[in-house]
Structures are given as structure tokens and as C-alpha cells.
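The structure follows.
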Amino acid sequence: MTRARLLLSCADAAGIIARVTTYLAGRGANVIDADQHSSVDRRFFMRLVLEHDADPAALAAGFAAEVAEPLAMSYRFAAAGEPKSVALLCSREDHCLLDLLWRIRRGELEARCEAVVSTYPDHATVVEGFEVPYHHVPVSDGNAAAEARALELLRGEVDLIVLARYMQILSADFLDRVGCPLINIHHGFLPAFAGADPYQRAYDRGVKLIGATAHYVTEELDAGPIIEQDVIAISHHHEPDDLATLGRDIERVVLARAVKAHLEDRVLLDGQRTIVFRD
Amino acid sequence: MTRARLLLSCADAAGIIARVTTYLAGRGANVIDADQHSSVDRRFFMRLVLEHDADPAALAAGFAAEVAEPLAMSYRFAAAGEPKSVALLCSREDHCLLDLLWRIRRGELEARCEAVVSTYPDHATVVEGFEVPYHHVPVSDGNAAAEARALELLRGEVDLIVLARYMQILSADFLDRVGCPLINIHHGFLPAFAGADPYQRAYDRGVKLIGATAHYVTEELDAGPIIEQDVIAISHHHEPDDLATLGRDIERVVLARAVKAHLEDRVLLDGQRTIVFRD
Amino acid sequence: MTRARLLLSCADAAGIIARVTTYLAGRGANVIDADQHSSVDRRFFMRLVLEHDADPAALAAGFAAEVAEPLAMSYRFAAAGEPKSVALLCSREDHCLLDLLWRIRRGELEARCEAVVSTYPDHATVVEGFEVPYHHVPVSDGNAAAEARALELLRGEVDLIVLARYMQILSADFLDRVGCPLINIHHGFLPAFAGADPYQRAYDRGVKLIGATAHYVTEELDAGPIIEQDVIAISHHHEPDDLATLGRDIERVVLARAVKAHLEDRVLLDGQRTIVFRD
Amino acid sequence: MTRARLLLSCADAAGIIARVTTYLAGRGANVIDADQHSSVDRRFFMRLVLEHDADPAALAAGFAAEVAEPLAMSYRFAAAGEPKSVALLCSREDHCLLDLLWRIRRGELEARCEAVVSTYPDHATVVEGFEVPYHHVPVSDGNAAAEARALELLRGEVDLIVLARYMQILSADFLDRVGCPLINIHHGFLPAFAGADPYQRAYDRGVKLIGATAHYVTEELDAGPIIEQDVIAISHHHEPDDLATLGRDIERVVLARAVKAHLEDRVLLDGQRTIVFRD
């Protein structure tokens, strides 16, 4: 028996769940887990986990013909339990980088890390200790050169790129050509403090909680669909440097949760918003 | 079209979801929302929200014959959106009482409050302001007399009894005869500090968070299935009276969430544990 | 023995604490509680709670002459345990209003509620149940007329005005003339979603937490110094109306905590930021 | 100018703060930060941070003679900013270990890690990457032998021992002889689930939050004074292994916060309870 995930969305209507599950039962596929959501504007979203011993291509082709096309459905099948290949991009800060490498090594994340690309040389030894190739791609020769080098390294090679405090703005052209989704961690509670220096600005405004936000990267800075957020309480004792220190503890956890949800095919897009089917 | 909820549990097996949803689709019932869970010991639990224009009795009878009996399923249909009738039992503290009455009046809870039974006379005016009958049932003549009076008032009259800081231990005999589930709020983070004086004991132990726990009432004190819990941070500045004050803010919210989940038929029992299908 | 609070701020320097406490000890005043903070830009803030049997005016005059003037200190003495007089301004929503009235009645807040001023007539009966005068001041005749009426009722009469979901923007002229501080509850995590319809905008942006912020009112909308904030997790299941319902549970608690801190003289201003000395 | 911390406790009385700060001002010591607390049973606790250029021994001797002895005070001076020497004891799990090593390397903790003692050989390479000696001390030859070896390595060598998921019960004799305080992380919300297998027992009881507790080690298992606690929400989806995974994220943060507070001399004992003066 193999295990697969099926994600789908379509206009809401009567009987969709019955139609989907009846097709699957007819092919001997057992639904292990099902989550479903109908949005306020009548769009239907679903995630199923299946066990089956059918030929995957035949299962998918039959689904397309008998269910997805008649219902004008978007859908995809994904293998469950097979690690996706991932690249991590980072800069000087190492907390998100190390946390992700450690979770991958423990098997907490369904991922194989193919490469770390860093604007700094500093993390080479540590990353190589995890048996992951380390590429130092400085931005000193300009962003364009760095992006070109990153494209060479990553295009077509990975399923997901994680910006683990990368600190550079990627061009629309790069996003277009790299060919896989990107998840970023922003060290602020979006939409507050988008852009540079969120901890300093949080301090200046005098907020009583600071936050971190993991989101898909789009052309517009810090404006992509949010996957996960968390906050931590602060007080007048904390200066901007303290906020950065405290913030690291939520940044790494928020990013890890978002990456895990993505790797387990739990995230669907609903325009600008995400639907995250929880474990 | 009427809206109904279907809750079911059975031994886990292939094709249950397909079988359930196909039956429903065949009777013109549209599944609006479906949540499902397979437990680690292979038990299957599901909650569905349906829209249908079938005769409810016929829909249920057909479900019994065609689905539930062949699969040895426990199940129940419940009307959605119809308020359940509720009684609130309380003592001197009024925070949970007022919060529930206020949420019922606002329409946040699918409930009609039939009666407030209190061991103290103090809340009569306030409760009557909500147009709810107030019964002062003192325990000064003994628990047995108080229980007998409460049984007279409530047996067969309500769908749910909420112990909103009732502070009396109800006998097994009462639980047996009252004929509906009871939800209690305990002012401690169960299983820590079960029984009397949880705030004093939390203070003595020097914990750094205090909690509240809403649970179904069983014969064993504070040992019934937990529906909802929350905590709040405290410090060395807080004396036992401060803990009681801070605790009220989580007690009322934890209790309200548990009551809401119950009223919306979101809670299933899995032995000593609950499955709470979230909104 | 009477109990007093002393709040002070000045440029940071060596020996301030010794100088202040030595003066007080010399007058027989015992320091029960002391909190102090030096900000990053070298400003010193302190809050002391004293027990003394001195003449309050003499104690203050001596302090001015011997300590405050030589050190160019801002300071004020406040009686501890004496309720401040408060007015509550509200609109259609009653959750913050009722919660504050209830906390005042219980003695949780050091306040005497002098008046409720509401743009709606709806809450008259409930408020009168708390034995508080209710003034219906509609905005149908324009904001200017409503402000004039509110000034008549409140100017010089109260120590604090609480905007318990008042939903009107008060003019700079009103703030100038009313003669006491105002605390507002904003139903968003400031600085995100300042202004109108924060829950709808939070929904549209797809955030995963919603927040509430209590702050002092200044001329610029939702930009005053923040006293207290909190958040609650949401998911794709929650539509804007659900956010409003969930949000009420944090709005009332955040506002109550901020009002309590103000009434207990725990809040000092550091420019645009607040220092809140915690209990 | 050197920076020092002064911690003290004594019976509560009038004028203690004045007496302490006047002494310090007289010796040219500037109080940078002061926190103080009077407990419900009239015990006085204080933490001061000082800047001074006095001879430390003379400052302390004068304090003893002029302040501490007359007031029957317990007190200690500690150097601020000087790293304390620490040993980490661990077992198979590496999350707390790596997190502490990483925080020490970053300078987040005022510590120098002298040794890691592990019952497993597995972490040698990683620990050596942090340039810390790694001692594999198996318990296969019995606890007594392991304790004897640990005593050889650590007695008199370190200021603090951290049990970073050590999973062995240390004997009273060991605690007696090792000569420094020990901090343990328990993977449960004490006093609930003291002892073995807290995640399995939390699962069996059906709690809705799981917790972690950092505490000083005393002879009685999991009963020492609590320094820090935190919780994380769980649901029926989470099996005991999931609880262990989720729990790791709070264990490492709770332990790090407790160790940080201890290293910065923020923790005082009040019998079985701790006073933690917050940053």
C-alpha cells in the first residue's frame, strides 16, 4: 500500500465530498484523513490522505476524467512521506538555519536539504557538519550577480526554497524563473512593520508584543500569503537588541511550523489568504 | 432546506467516508462541513454538517439500516441552529454565570437558559434582569436535600447542566438520575490541583502559570473528560487572592468555549479523552 | 498610617534612589514597593509605594524642595487605595462596558463609575442595574453637539475617561478641554489595522492572529502610547463576524488590564512609549 | 567602573531600601537597577545592579558590618557580566543540549561551558564542534559508578549544572557533594505528571495543553523550586510521539530562560518558591 495526498479546490456545490470519496473507494483507495473547508465566497477546498495499491498515474488519470474535469476542479496528488528537496538561503543570522537543519536531521520535516546558499561565509563548517553543501554567494558584486548564481545552483533542483533570514529582496525575475515556491520568515507581526528594521520600529512605536510571520514570497515585499504567525510579550525593559534576541525564539519556531505545513501539503491558497489544514 | 449535524464513531476500516457521504448524497443531503479523525487505536470518529430537505426521521432510519448497522456504528443526528435548553448551577462567584448569560443573550451560544440554581440568594436580581428564573437552593439543609430539589427542577427539563463555579460535589446518584450531561469548570490546570483550594495550592507549590479546565462531570471528582484548558502567567508578586482574580478571566472563557463546543455538537468521547472538532 | 504612591522621572544620574529613599526614611515613610527603570536614552523612572503618617502636603512640599527641584524631577504623589472617578463612553457593543462595570462592583478596579455616556439608548436598564447614571448622547445631531454635551457632563468631574468601544473620533478640541486622560480599546493589533474595520481588514490580509490594543488617546487616531496588547489565534474557518466574536474576549481583558494599571498609578509616559510597572 | 549585583533577603521592616541604598551611595556605588519584593509572610527580597569603582572586598565587608548584620540579612555580591562556568548533562535527546551550546556561543547566556557529560556517546562530534569537552559516562555499570565519575569531573569545577534532559535520578549523596546548584527541565507541567513518561500520561489523561517546567533539583524527584514554565496547545490529532515533538519546542526555551535568569542572578529562593526578578 502506498500513501498519497490529494489536494483540490473548486466552486462549492452539493455532493462534492461524496463524488470524490466514491471515486476513490471504487479504486480501492482508503481515506485515512480528510479535511475540508468552504469559504465565505463559496469556494470548496479539500485535503485527503489515502492508502491505495493502485497505479498512481492511473488513479490520477481516472480522477481527472471522472471527477476533476466535470467539476472544473484544481487538484494535485502528492506522495506522502517522501521527502521534498529543499534549499535554505541565509545571511548572517544562523538561528533559523540551524533549527531547520536540525529538524531535517531528526526527521521532523519531510525534507532533504540539497544546499545552503549564504551571503556570508561564516556558517560553512557548521552546515558541512550536517553533510549539506554550503555555497557562499556574496552580494558584494550586486544583487543581480548573486541571483544569477543562485539560479544556476537551484533552478529545477529543489521543490522549495526557504529564506531563513536571507535579508535580500529577490527580484520578480528571480521569482519567475526559479520554478518553485519560496517561504520567508519576517521578524515582525505583518502587516505591521513590513520592510526593514522591524524590531527597531516596534521599539519606537512602543508595542507590548513582538511577532514573527512566515509567508510565501511574492513580488511585493512582505505582502505574500501568511502561513503562520506568533508573538511574544515584551516590556519597557527590552531595548531593540533584546527584542532581536527574544524574537529569534519565535522566528525559528514560526518558520519551522510553516515549512512543515508546506512539506506535508497542508497549505492551499485562497487568493491572498492561506488555508492551513492542521495536524 | 434544514441543517443537521451527524456524529458517528466506529471501528476504523476502508471506505467509511465514501459509504457515509454516498448515502447522504443519494438522499439529496449536501455535506457543508466534515471533520474526521482516526485514533491511534484504530477507532474512527466523524462530524458532518448537512443541508437537506428530506424527512429527518426517514433520513435517520435509512442511515441506520444502510450504514450504521452494517458498520456497527454509534451515531446521532442533531438539529443545527436550534438552541439547546440549559441550566446553570452556581454558588457565590458570579463571573462564569454572568458571562454565560451574556453570551446566550447575544446569541453567541446556541442555548436557551431555562434556570439558574444557586446555593446563594445573591444573584437573583441580576439573573432576573436576563429574564431567567432564579432558584435559591441552599445547601444548609444538607447536600441530599439540595440535590433532591435540583432534580425536581431539572430532571428531564434540560439538555445540559453547566456548573458555573458550583463548589458542591454532586453524588453519583444525582448524576445518574438527572438525565443530561454536565460540564464543570475547575479553577486549576487538571490533573494538577484537583479538588479543593487549587489557587492556594498553586501558590504554595510556586507554579509560574495557573490554569482552568472545563470537563464533563463524572463520579470521580475533577477526573472527567477534559474539553478545554487555558493558562495565564503569574509571578512572585501574586498572592493567592490575586491568583483567584486573575484566574476568573480564564475560567469564564474556558468554560464558555467548552459549552459552545458542546452546544454545537463538536465534542465526541474517546474513552476518557475528548475529540473536539474545532470551528 | 496612610498609603501613597510616588511617581517620578528625571535625567539618569548616580544616587537618585538613595536620595529619594533617604528623604522618605527621614520623614518616617516606609517604602513598601519600589520599581525603577533607566531607559536606553538615560532617563530615569520610578514608582514607589509608601506607608507613612506624615502630613501629605508637608511630605510633598519637602520632597519638592529637597529632592525634586535639585534633580529637575517630574513627580506626583497619589493616594493609594482611594478610588478614582471614571466615566465610560460606549456605543452599541456592550462587552467592554459590562466587564468594567462588573469589575468596579467587585472591587477589582480602584474606581467609582460616575457616568456612562452612550451613543445608543440600549444599555440604560443594564447600566442602571449597576446604579450608575446613564446618559444617551446620540451623534445623530453631529459630533460637535455630542462632544459639547459630553463636555457638559464630564469636564472637571472625572479623573479618567474610558472609551469602551466608543466608535467615534474625538476632536482635538474635546481632548484639550475635557481635562483628564482617556484610554481607548482598539480592536486590532496596533500599529496594524489602525482606523476603521480592523477585523474585516485582518480577514482580508489573512493574518493568523488577531489582536486588541489599549492606548491613551491622542489627537492622531490610534497612535497614542500603548498600555496593553494581546492576541488570539484564528484559522481559515473564521469569517469576519467570527473574528469580531473572538476579539471581544481579548478586547475586554486588554482594556481592563490597562485601566487597572492606570488606576493603580503604574503607567508613566516615556515620549510615545509607556512604562508599565507590573503588579 | 565595575558592575556588580547584590542580592539580599531579610525580615521586612521600615527603611530597608533607604539603608541599603544610602550605604551604597556613600561608597560611590550607583544603583543602575533595583527590584524588590515583600512576600505575604513579611519577608523582604531585593536585587540591585551597581556600578562602582570601590574595592569589591571592602565594599562587601562594609555592607556586612553596617547593613547586613544589623538587619540579620542574607546577602551575596556577584560580579555582573562575568561568565559563570557551567556543565551540561544529557542523555539521548539533543534539543536542549544544542540550544544551550548555541546560546552560549552567541553570548546570549553569561556562561562558559566546561563540559558535557552524556549517558550516550552520540553527541561527541557535535559538541566538539562547539569546542567543549565531551564525556561519555554510561549508566550501564550502574548509577553509582556514573555518579562517581561525574563527581570526579565536576566537583568544585563549575558554578551550575544543567540537566538538559538527563533522564537519570541523581542521588541525595551526589547532590550533597557536587557543590553547586542544578537546574532540571521536566517535560511536563509540574506538579502534573511528575516522574516518568509525562507525555504518555498527558495523552492518557486527555489534557488540551502540554507543558515544560524548569526547576532547581532537590532530593525529591521533580519537586524542587520552579523557575519557569510554559505550555503549548494540543488536540486529539496528536499522539504521544507528536506530544514529544511539540514539547521539545517549549522544553528548550523554558530551560534556556531559567538558566539565563539563574546566570544573571535573578532568582532568589523563598522556601519552596522562587522569586524571579525579570529583565
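As written, the chain order gives the labels A, B, C and D, with residue 1 at the start of each chain.
Note that a contact is a pair of C-beta atoms (placed from the backbone, for glycine too) under 8 Å apart; a residue touches a chain by one contact, two chains touch by 3 or more.
Treat the numbers as computed from the prediction; the structure is a model and nothing was measured.
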Chain pair showing more contacts of the two, B-D and C-D: B-D
Most remote chain, CA-based centroid, reference being chain D: B
Averaged-CA centre spacing for the pair chain D and chain C, given as whole angstrom: 37
Between chain B and chain D, centroid-to-centroid distance (C-alpha), Å: 41
Multi-partner residues of chain D (at least 2 other chains): 37, 235, 237, 278
Chain A residues touching chain D - in the complex, by the definition given at the top: 95, 98, 102, 108, 125-126, 129, 235, 237-238, 242, 245, 249, 253, 278-279
Residues on chain C engaged by chain A in the complex (per definition of touch): 37, 39-40, 189-193, 204-209, 211, 225-231, 235-237, 239, 270, 272-276, 278
Chain C residues within the chain D interface of the complex: 14-19, 21-22, 24-25, 28, 30-38, 51
